[in-house]
Structures are given as C-alpha cells and as structure tokens.
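Each remark here refers to the structure printed beneath this line.
Letters A, B and C name the chains as they come in the text, with residue numbers starting at 1 for each one.
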C-alpha cells in the first residue's frame, strides 16, 4: 500500500512553484521555475520536475491544491481537489513552519500583501490597491535599466552608505526620477539601495497602512530573496525580519496542506506531459457586457470555463442543450 | 480672564493656513495666545505626511498631516478649523469639513488635542460667531474674542486686497503673462508649488495667481461661466480666469493628485475657454520629489507662448 | 399649446434599481413617456470613460454612459439629480460634454434649481410638464417613494437570504419577477401586489441557514455601494459564498427615513466631533453598529478618488482596532474584470470563517 502524499501548486505571474508533501509537512519534492507568460507550459514542466524527485512506488498523491493568480486554470488542468486564493494559502503555509508568526509581509511579481495573524489565524490582511509599483516587476524593470541582474541587486545595495531618495509611488514617476538621479551622478550602489528603500516605503505606505506590525515578522515572496530589501524592512520596522529558506514555496505548501485538510480525494497521475491543454477566450455576444469567457480544453474537450457574468453566456448549459 | 495657563497653539503651515494666515495670526496675537507655525514644507515633512496619511488621500492633505506631525511636542494643541461653507453654492471641499476629525483619528495614539472653530453658514454658523465661540472656549470674554476677530478680519482683508491689487497691476505688465489657476495651498507650498513659480519667474514670465482677485466679482463671473459650480475657491479661480483670460498669454491649471474639485472644474475651464484661443497647460503633481518631468513641460509651454506672442506682434507690425 | 401636445420622452441615469420608481412618477404623475435604457454593461462604462475627464470619480463615467444609452433609446429629455459632493456638479459637466458630442435634448438639472427656495423645484417640474396637476403629482410622488421603500426592503431581504436557498436560482427568479412588476406598475394596486407576491415568495422559498451564520455588513460611497454593476455584483458574490449580507445604505434609509444627522452623531461622538461628509456619519455609525452587533466583518466600498469616503478610513481603522472586527477596503475604478475582487473576497471569507471556528 502506497503512503499518502499531497501536491500543492502556486502559479503566479512571474514564477510557478510546486511541492509534494507527506502527512507530516515534510517536503518530498519541490520546484521553482519561471512562468514566462505560459502557465500551462510552466505547470507541465513543473510536474515533470516534481515527478522525478520522489519515489512514485512508495508514495501516491491523493489530493491536489492550486493557488496563485492562475489557480483556476491550473486547477482545471490538474483536476485539483482544492482551489484557494493565495492569501489564505500563504497564511496556512507559513503558520505550518512558524506557528507563532504575527505578521507576514509578501512581495511577489505583481502583487504585494500583508497578513496579520493571531494564534495561527489570519485576523486582517491587505493587498496592493494601486499598480505594480514597488513589486517584483518594478524591481526587475529597474534592474534592466541599470544593467544589474535582479538577483545581484541585494548584494549591490548592501555596499551603499547613502541610499538615494527615489519616488516610487508610481512606476512612471519612479522611472523618470531614476533617470534623473542617474544623470545627476548618483552611484549605482546608492541608487539600488534607494530602490530597495523605495520598495519598502511604498509597501508600508500602501498595503501596510494602518496595520500594527508585530513580531515575529516573516517576509516572503520573490522579493524576499533580495537582501537589500530585507535590510531596508528591518531598518524601517526596527525589528528582525525572518526569511524562511522555503519562503518562496509557502503558497504551494499552503495549497498542499489545504488539500490534505479538505475532504475531497482524487489520485493524481503524473501523465499530463502528453495531454494537450488549450485555452480559448470566447467573447460572448449575447449582451453588451461582452464577457470574456475563458474555456479550458483537455485533448479538445471542454473541461471548464469561467468569466461569464450572466445566464446568457452559460456555455456548459448551452452545450448541454445541444448534446 | 484666562491668563494663567494659556496654551501654546500649533498651526500647520498647510491647506487653509495659506488663505487665512493674517486672520489667524492677528486673532491669536490680539488675544495674547502664543502660536507656533510649522516650518515650510520640506522633504522630511512631506514624507512624514505620506506615512501618516491614507494612501488615497490627496497630496495636499498628506502634506498637512506631515505638518501636524512636525508640531507634535512643540505645542499644547493643534489648530484645525472646520470650514464647511459660506452659503448656497459657496461650499468648501469636504476635506475641510472632516479635517479636525481626520487629524484626531490619524494621530489618536499621540493623544493630540485639536482646537477648532466651525464655520457652517447653511447650518447657521458664520465665521464671526465661530471665532467668538473659539475665544470663549479658550477662556476669553465675548468682548475680547469679538475684538480679536475684528482685528483679524481687518488684517486678512488688507492682505487679500493687497494681493488682488498686485495681481491687477501684473495684468498690465509687459512681459509674458501667465495666469496660474491653483489652490493657494498648492501655489504657496514651499516643496511642491513654489518651485514651479520660481522656475517660471526665472524664465522671465509674469506669474499671476488667479485666486488673487476681488472675490465677490470673481464669484459673480463664475456664475456666468458655470452656473452650478458650487465650490467657493473654485469659483474664485474660475471666475478670475474668466475675467482676465483676454489679458494673459497663457493659463496654467496646476493641481495635486487626486484633487476632487479640480478633476471636474479644470475640465470645465478647458471646455469653456476652447474658443478663446488662449493656450492652457494642466499640471498634476504627485508625491514626486524631482521636478524633471515638470520642467520639460513648462519649458515647452513657455516656448509656445513666446512664439505666439511674436507671431501676433508681427501681424500687428 | 393644446392638451394633445406631443408627450416628452423622459429618461434618468441608471441608478441601482430605482429607475422603475422614476418611471412611475414621470408616467403616472407627470403624464409623460419614460424611456428606460438597457441595464448598464461594459459598453456603458466604455462610453462614459471615453468622454469623461480622466480623474473624475467613476460614477460620473457610468452616469454619463447611461445618459448616452438613454438618448440612443429615444429619449428627448434628460433629468439629472443634485447632490452634496461632486455629484452636485455632475449635471452641468455632463450636459456640456453631451452637447459637444452633438446630442440634442432638453435638460432638467435639479442642481440648477437648488437655490434654498423649495418653490424653485416647482419650476423644475414645469420644465418637464408645462401644466402639472399638483394633486396628481403628489399622489404619484407618494406612490413612487413607497415603491422605492419596497425596492429597498426586497433587496435587503434578498441579499440576507439568497445565499442559503436550496433551489438554485429560486430567489433570483422571484426578485426578477418583482422588478418586472415594478417596471410595469400603473397604480398603487400594481405596486402592492408585486411587493406582496415577492415577500410571499421569499417567505415560502426553502432555505437552509447554518447556525450561527456568517454576517458581513457593507458600508461606503452612496452610489457604488448600492449599484451592483459598479461594485461588480459584490453582494451577490458574498451571498454565493454563504454569507448573510447586510447593507443599511440605501435611498429609504439615507433620504426617506433618515434618523437625522444629530441623532446619529451622538452615537459616534467618541470617534468624531463633527459631521465629516455627506454620508460619513451614517457610515461610521453603521460600522460601529455592525461591530457592536457581533458581525464577522465589514466591507467598505468606494469608487477611486471619492474624497469623503477616503477621509473616513482613519476612523474606520479605529473602529476595527477597538472592536477587533476585520474591515476590507475596496476601491473601484473603471476596471470591469472580477479576478482581483474575487481573490480579495475569497481571502476575506476564509479569514472570517476561520476566526468564527476558533472563537466557537
């Protein structure tokens, strides 16, 4: 008899993360790859990587959870038993490793969020309301402009003693300000350190507004890999900030744990590499709402659709009628 | 009379301070109340304001809260008047209606004492009575408070008349005349508005503040211009522009992001003046420290105005 | 002019679900034809967004769009309301934009008649119909206002219960029948019959409510919190998750049965010394009330740049702290995609559901 394992997949705009866990929250397999604008392709590669990492004769994946901005699409693809938003998934994943955590700071590719917890339960949260200013996407675009690889930015920032002040409220303003500062002759180290501070300042003024940030504080998401931003957070908050080595996987871990706690069971077979998944956007012409309905096909067969706002565009109903 | 323990009153140098400085200063001076006015806006104040304020609040309110923060520990109470309206279609932005409570709630943990007076003419509370009540609250006699208000009112009127007279003179100047339509708390702000005026002056332009105007005439002109415009200050600015646009080479409408009033009023001004042919530049300022982007736009606007004037003179000649 | 003069074709911007009441007043009270534009869609938003100033609040854009759709539907007379905030200036700016686009129509902007003299509103009435018969107008007005109260009552009950129906779609069907009845009503009898039928349906339709049930209170900007199109059907989305949705803010409560600024204000004097804006007192009071009544969460709804609502947020944060009740702040702009909203709502639901489990 095979032992039970759980699959968790977190598909964001920039990166795709996946874990396989046993019932005691031990990682059997994990992978982190770039989404590259193709969540379907990314998930196929992810599953291939995960499948190669653990003993399929000893373990069987009995439940699957998906999260992240493409959670629905990927959930349909993988036949997930749980599809959860990334805020809940992150809270659940993080408390599994840090049961006493009070504050989770998270900065990802497009989104940033803050979660406040008490006794392992989320009591308040906020997500960025405005644009992508101060998120991972913002840092990568500025790193290209400066000619510094994004993964080196943290180390570069640490060399600065006088971070340059950069207005980061809006990406457009920040860009023009950055160009201006470069032309004024600020050093790259100071500018990179300034960017890190701007990300933190922007975060605290936006999602962190009015929230009581209490210790222990855990920082995660792609940007938590940037030591410059970590140090800027510690300076701004006057408190230590924990970065978990699995911080980038917390969403996927949370999804796997949620799948375990949920009643639904469905054995996952790793044979999706050769299955053709396709999505198609249908613009419903039944009323001027012109809903953009996303249809997901598995080997040419419609398995799911969403985005429809009224009964006029109910595709499954219409198909049922034709059948 | 309360002379034993008069409080030191802190006045933020922001928002309506720039409209009522003479009134407030003279009033408190006449009562013998010590005041401390915060320093002109600088980066530290602007950033403190952004931290304290809600992200979606307008830049001028953020700046104001920065000034409040800078006064903490330097005074016994903060002076935050509440000014709702001066009558029908003479209302202020709702920010001035909520300001005392915004300040009290944002700085609740600081246990700030907020000192206020409440003007709400449609609700039966005029400025004079409101400021007399304020004096009473501070422990002065009605007579003393009335006297202080009278002195303050006279000082403010003198300052406003002088500003209007100066502007009228400016309209007759020879140089490139630009009407700057903006709230006084934007044009007078040392960190955001002043540098723009400074830049234009350096380039040789005559910058005339639209709201430096005889207010009654301006309100009347605004009525013709846009009958349901109901904001006191917007009417002064729009009315003044309607009265003077034929005397100017160009108009700059400058506002802060996101100004509720200007979001509609500026659009209306541009619409109504479309046929007049006078060039209009609209500028919106965000919590941005550099003025690099602004300079480019200002410079090209000045170029256009100069070329237009030259072309006009050639036609005449 | 003869008695057989051609009737006006009158329209009013789409505002939540109140247009049937406006129709009733125009047709039964003023004897004119009412033109009902189609319900708002993405096209409405796109039309308004294209012509409106960029940074104006979102309701202006939808209202402008729905005025255009009314003109397309054949209206020759547009009516516009007054208002305490920027809404009071909507009318004039919208007219200026529409005229510039070449539309021809007669315009009755109530903001123009807001002079402090109630008599001047009679002038507005005469602009719609030259010879109004006051008793007839007053009777129709009374009935139209009753209809408004019925609409609000039905909507309140709908969102409190539809999430627990056992026959999927049964509540929605009853609600749709109700709106159809209100739209076609020609007398008080019609109004009362439609109202009673819907009440009756709501009482008899089977529901299964868990005990205790999760309760969420909605507060916020007058227009966006009431208008399902503008808030992306927020109430329905919450109800579908199995939440009892409460929203006090509506025309009946705010305008017809308003307890009065002074009466409400005493109840929030710990938070505010003064009234902070047109709907601020009611929103702050209601937030405090929801908290005191043991609700699981509060959602604050506004359109981007709505100054009065932005400025009460510090107060709402204090209430959230004092009563330990989560408040979700939602800002709507012209975005009509729902993905971002659903992520936030689902997380909010998970949070309050888990809190409830722990507390019990």
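Descriptive notes on the structure:
What we mean here is this: contacts are C-beta pairs under 8 Å (C-beta built on N, C-alpha and C of every residue); 3 or more make two chains touch, one makes a residue touch a chain.
Fair warning: this is a prediction, and the values are worked out from it, not measured in the lab.
If you tally contacting C-beta pairs for each pair of chains, B-C comes out on top. Ranked by how close its mean Cα position lies to the mean of all protein Cα atoms, the top chain is C.
Using the mean of the Cα atoms as each chain's centre, the chain most removed from chain B is A. Averaged C-alpha coordinates put the centre of chain A at 36 Å from the centre of chain C. The distance from the centre of chain A to the centre of chain B, each centre being the mean of the chain's C-alpha atoms, comes to 45 Å. Contact with two or more other chains is made by residues 313-314, 317, 331 of chain C. The residues of chain B that reach two or more other chains are 54, 56, listed in rising order. Touching two or more other chains at once are residues 129, 210 of chain A. Put simply, chain C touches chain B in their complex at residues 53-57, 60, 85-86, 88-89, 91-93, 96-97, 100, 109, 111-112, 114-116, 271-278, 280, 304-305, 307-308, 310-315, 317-318, 331.
The touching residues of chain A, counted against chain C in their complex, run 69, 84-88, 119, 121-127, 129, 210, 212, 287-290, 309. Those residues of chain A lying in contact with chain B across their complex are 129-130, 165, 167, 169-170, 173, 176-177, 179-181, 204-206, 209-210.
Residues of chain B touching chain C in their complex: 54, 56-58, 61, 82, 88-89, 93-95, 97-98, 100-102, 104-106, 108, 114, 116, 118, 226-230, 257-268, 271, 284. Chain C meets chain A in the complex at residues 38, 41-44, 233, 313-314, 317, 320-321, 324, 326, 329, 331, 338-339, 342-344, 346-348, 350-351, 354-355, 358.
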